[in-house]
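Two complexes come next, and they have one chain in common, chain A, joined by chain B in the first and chain C in the second.
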Partner chain A sequence: MKSNAVIGQQEKVVVNRKKMKKQDIVPYLFIAPAVILFAIFMAYPIIASFILSFQTSQGGEMVFNGIANYQRLISDQIFLKALGNTFLFLAIQVPIMLSLAIILSTCLNSALVKLKGIFRVSFFLPAVTSLVAYSIIFSVMLMEEGVINQVITSLGADRIPWLSHPTWAKVALITAITWRWVGYNMVIYLAALQNIPEELYEAASMDGASKIRQFFSITVPQLKPVILFTAVLSTIGTLQLFDEPFTLTGGGPSDSTLTIGMYLYQTGFRYFDFGYASAVAYVIVVLIGIMTFIQFKVTGDK
Partner chain B sequence: MRKKPLQKVFLYIALVIGAIISLFPFYWALMGATNESGKMFSSSLIMLPGSKLVENIVNLNEQIGIGRVMFNSLFVSITYTILALLISTMAAYAFAKFQFKGRNVIFAIFLLSMMIPYHATVIPLFKMMAALGWLNTYQALILPNLAYPFAIFLMRQNMLAFPTALMEAARIDGAGEWKIFWKIVLPSMKPALAATAIFLFMFQWNNFLWPLVAVNTTDMYTFPVALSSLFGLSRIDYGQVMAGVSLATVPIIIFFLMLQRHFISGMLGSAVK
Partner chain C sequence: MRKLLSFLLVLSILVFAAACSGNNETSGGSGAEGETVKLTAWAWNVNVGALDAAAEKFKEENPNVELKVEDMGRLDVYDRLSTGLAAGGAGLPDIVLVEDDRIQGYVEAFPNGFLNLSEQGFDSHAESFPPFKNELASLNGDFYAMPFDAGPGGMFYRRDIFEKAGVDPEEIETWDQFLEAGKTIKEATGVAAMPLDMFSDDPTFRMMLNQLGVYYFDEVGNIDLTNPKAVQAMETLKAFADADLIRNVDGWNGIVSSTIDGSVATIPFGAWYFGTIIDQASDSAGDWGVFELPAFEEGGNRASNLGGSSWMIPQASDHAEVAYEFMEFFSTSDDVQLIAMEEYGLFPSLSTVYDSDAFTAEVEFFGGQQIWQVFADQMSDVPTAYYTNDYSIGLDEAIKAQADVFNGKDIKEALEESAKRLSDRTGRDVNTY
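Let's turn to the complex of A and B:
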């Protein structure tokens, strides 16, 4: 393979063989730090945890025990519960969040709206906050006597046991995550909206199509690749969910908000069962692979 | 045309409600930081600035040592951002502007690794750091994500558009490869560099799982870990907690507001390309 540099000075190549050699290693020097660090701190751990997932600790030594960790997972009720919770969050939270983000970006993109910049920053600000910080704010607001219940009682309804009831705790978590990530996805959609040709809308208006009709027959289809992109990102994020349940609900009450990511942390760093925790990690890896593949299949071919 | 004013009203109502929901928790945290614990649970929706800010901060300082935590978070995040930005940009430059054996394979591996959850690396990393005796050190916090695939991807997308002819002209003039990268390519990449820098800084400033695992002495806590430890106490002073949350959040918001144009346009660039 020739480097661009070599093509640029072809006349000199014959004269200067030595220099060409030097040119060839230049790109390798540029990628070397990234590749070395990646190999040590990403590639090696990924492989090591795969091997660990087939091992168990015996008297302080890691020994192979075949697929025993994975067999144990299948009949582990807590793991299955965490898996179910994670998929429930995925199935409910991601569609709500992405729909809200599309609606908001369409509103913001409308020619009627002034002060776009201020709205855009307001919606995006939650995405800047640390996951731990916003989870803490939400947990204070969602307490029995917290501000959200104050609003609800002032409207005449009963207090909601946000964090102490299994179902409401799930609702609380979904609400919090949606608050954090809608603006982030909105910004991605805003970018994509700029690329939809204005003529499409003009033609539709001329044909008498309503704004809502235009939204479903022009905006949504045109955004499809970007919706896929955000759906994949959100799926990966949800399958790894950790910071929010850890801070907001601690996985409770009675494991109703325990996620696979939290279960991994508990088995790995509370019970120090590294082999078993690595098996949990690889379940997450495989699930992300499968879900991404499905999403590409469902939306990709058109 | 008749319908436009009504449409406009609905649009604004929706957007204003959305903005209030987005901003209310920030307001609540800031006001909470200036009041005593009980104020957050009284029956008024509007909380006014109180006079307890100093007291809350003093209490918080006794609990977690704000100076130390702030230093840890700033030192780790800034060092990380500078190093990761340099390393990622160098790699991105090679991927965007050179033809070399293995380029596509290596780039594909970087991209694929973005799909591997962080969790899959945490346990071996922990064992590695423990074996090196690096638990509770800055290098343990800084090193692991220096080669950040998303940053490499973002920078590469932005560098693809850089005119190769400029590099060739400099080469003919006898400029060295490093000089071409440093003096010719980088200066024209400022918006992309800013966007990537914000991204990296936010990632590290907000990072929780790895610091939680790699650090267990209070003098090495970063902000998220310290906040989380505060929240685990049996008697929680919420004024103090909100002061901590505000201190951890305000710097990153200021940082973001200063550079938000670059950040949003950088994100936009990477998403559409």
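Let's turn to the complex of A and C:
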């Protein structure tokens, strides 16, 4: 009898353990859908394209060719030109856009401005238009006989070759991108401005600080984390820049507005060099990592 | 536990991936007698109508063959074809339309991707097609594509504008004479000589190269942009730009709208542009005419070709033999080719049809001119353009050279720089002169 009871108890323990094990699985089951979807749609493509970047196509089959794709990048004049263009856009367009956004948001936040809602909406409106649609409209306006040149010639000046001259094409592109994204950044700054305590400005005015002094000594420092955030986002966006040059200039004339994003697309889908295109993609990833790291360092927050 | 789970996870992904790829051989069944065979084809634009019309005719003799044509964009066809070939033939149709400049590239990149038509006996039809078309449709002496339409070059011109300026198109024999005529026309009417998307496309340059018997690449695949003849072609084009005779337009739509609004006196294009003109510029019916491209020297070659396409049969097709039979019928039947030309404006490369009445017909839209004769006469003289499998990169570099030239760079220098970049990108040698 006694021995039987012991055996029974032991069985119970075993059953309990099994139950415990079953319960172990439950949380995994709950996260399984998300993990599986992530694995299929994120992890797999990321890993597969990484492997692809070490391969090249021979007779329709992908074969391993070591780091040849990456070596080719270093001496690829067009890639270097695209890289140069992208950094030029980064260096010129992002500061212009962010300063404009800060100035606009500060103005709109001031108590003096009437009809704030209308201004806010109209500045933000470009950000909700489709990238391709607005690029096409810009390309129509900037055409040789487009609206903008008609205005310029009616004022007595010469036509500007907006889309066909290497320098003007860059100017056109920067203008378009700035138009599209200023409002977006402005809204982010507007939200951040609400969080700056009114007392700081009151105290500053009591001490006799001018509005401009207040802007540089209170607004900008207080906005610092948000500025960092928008700068990182804009950097990533510029490094991946594709739609605008694709529709507006096609990367031309003569590659003067070619970005690395466009070059990636061309090598992959126009020339079907998927291995090389993947290598370009990974260079973009590394660049974004480095740029973000630098921005965090420079702005100095831990 | 964790190891087991991650193992299961990886396993499930693998199973999923395996289930997604491959296994497209479900549409089984051989084309046995009496059984209905369903062929699928990928084509774009007016070619779809021509293919459907041919299928109707083919059905009279072969009631068990049905054709389903999927009408999609030209570039979509290439995207899907490339992906399908890269996946070992998964999801490909039985018949696919491919432009001539891409055929060699596809066959070289996917040697086992397409049916070798010579093995099916297509060689016996070779003499029905012009030599240049045969060369484009074959690789190492074997046919991989069935020649379909061609684009013999022509200067589509506005009779009323030429008359107003007092210029007789019949007297224009060289590009120099055309340049002078262009200046006269510009002075009298303010109309430019021709449209061109100066900074993103180079069709006129390509026609000139073809006319001169050169191209981006030469016969053995070397880069030939440095050829003095290529320099000559670019110089000619530049002369038109310098005289402000080129109207810079935005892409295909720009060319079409300049055709409609009469802001250009001529449009140098392939015969296929006929379809667009009669379709879009119907207001100016009767005011049109065509003359051959001017030669580079008196008595020089005026024949050229721009564009054109051919049919290919993917090796992965389950009904390759039926597809071959149908396409052989399509490509070598005079009736089908006439329908394609008269109803869809697709100029046939099948030379046996050139004797038919349609080719001597006077076209009302073109002021009663026998325009098809102008095109048909050129066909046997068109030099072969060597596209190679790096054609699209060659095109990219040539357009850049053209853009640089229009922006003021020295012509020889611009072409040499392009050739150098092209060499870097393709590993091909550059010819030195």
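Annotations for the structure displayed:
We take it that the second predicted complex is superposed on the first by the 266 of 302 C-alpha atoms of A that agree within 3 Å, B and C clash if a C-alpha of one lies under 4 Å from a C-alpha of the other, contacts with A are read in each partner's own complex, and residues count from 1 in each chain.
Here, a residue touches a chain if its C-beta (ideal position, glycine included) is under 8 Å from a C-beta of that chain, and two chains touch if they have at least 3 such contacts.
For clarity, every value in this text was computed on a predicted model and none was experimentally measured.
When both complexes are overlaid on chain A, the residue A:Ile136 reaches chain B alone and has no touch with chain C.
In the superposed model, A:Leu80 lies in contact with neither chain B nor chain C. Contacts of A:Ser57 after superposition: chain C is touched, whereas chain B is not reached. In the superposition on chain A, contact of A:Ser49 is made with chain B only, not with chain C. When the two complexes are overlaid on their common chain A, residue A:Val35 makes contact with chain B and with chain C alike. Using the contact criterion defined above for the overlaid structures, shared-chain residue A:Ser254 touches chain C, although it does not reach chain B. Shared-chain residue A:Pro166: touches chain C; no touch with chain B.
Touched residues of chain A were counted for both chain B and chain C, and B has more of them. In the superposed model, A:Arg270 makes contact with chain C only, not with chain B.
Looking at chain A, you'll find residues 24, 28, 35, 44, 139-140, 143, 269, 274 touch chain B in one structure and chain C in the other. Within the complex formed with chain A, the chain B residues making contact are 4, 7-8, 11-12, 14-15, 18-19, 21-23, 25-26, 28-29, 32, 40-45, 87-88, 90-91, 93-95, 97-101, 103, 106, 109-110, 113, 115-128, 143-147, 149, 152, 164, 167-168, 171-172, 177, 181, 202, 205-206, 208-209, 213, 223-224, 227-228, 231, 238, 241-242, 245, 248-249, 252-253, 256-257, 260, 264, 267-269, 271-272. By the touch criterion given at the top, residues 1-5, 8-9, 23-24, 26-31, 33-35, 37-38, 41-46, 48-49, 52, 104, 107-108, 110, 112-113, 118-126, 128-134, 136-141, 143, 145-147, 150-151, 153-154, 179, 183, 187-188, 190-192, 194-195, 211, 226, 229, 236, 239-240, 242-243, 246-247, 261, 264-265, 268-269, 274, 277-278, 280-282, 284-285, 288-289, 292 of chain A touch chain B in their complex.
Those residues of chain C that touch chain A in the shared complex are 1, 5, 9, 12-13, 16-17, 79, 82, 85-86, 88, 109-113, 198-200, 248, 250, 392-393, 396, 399-401, 403-404, 406-407, 421, 424-425.
Residue ranges on chain A touching chain C, taken from their complex, read 21, 24, 28, 35-36, 39-40, 44, 57, 59-60, 75-78, 139-140, 143-144, 163-166, 250, 252-255, 266, 269-272, 274.
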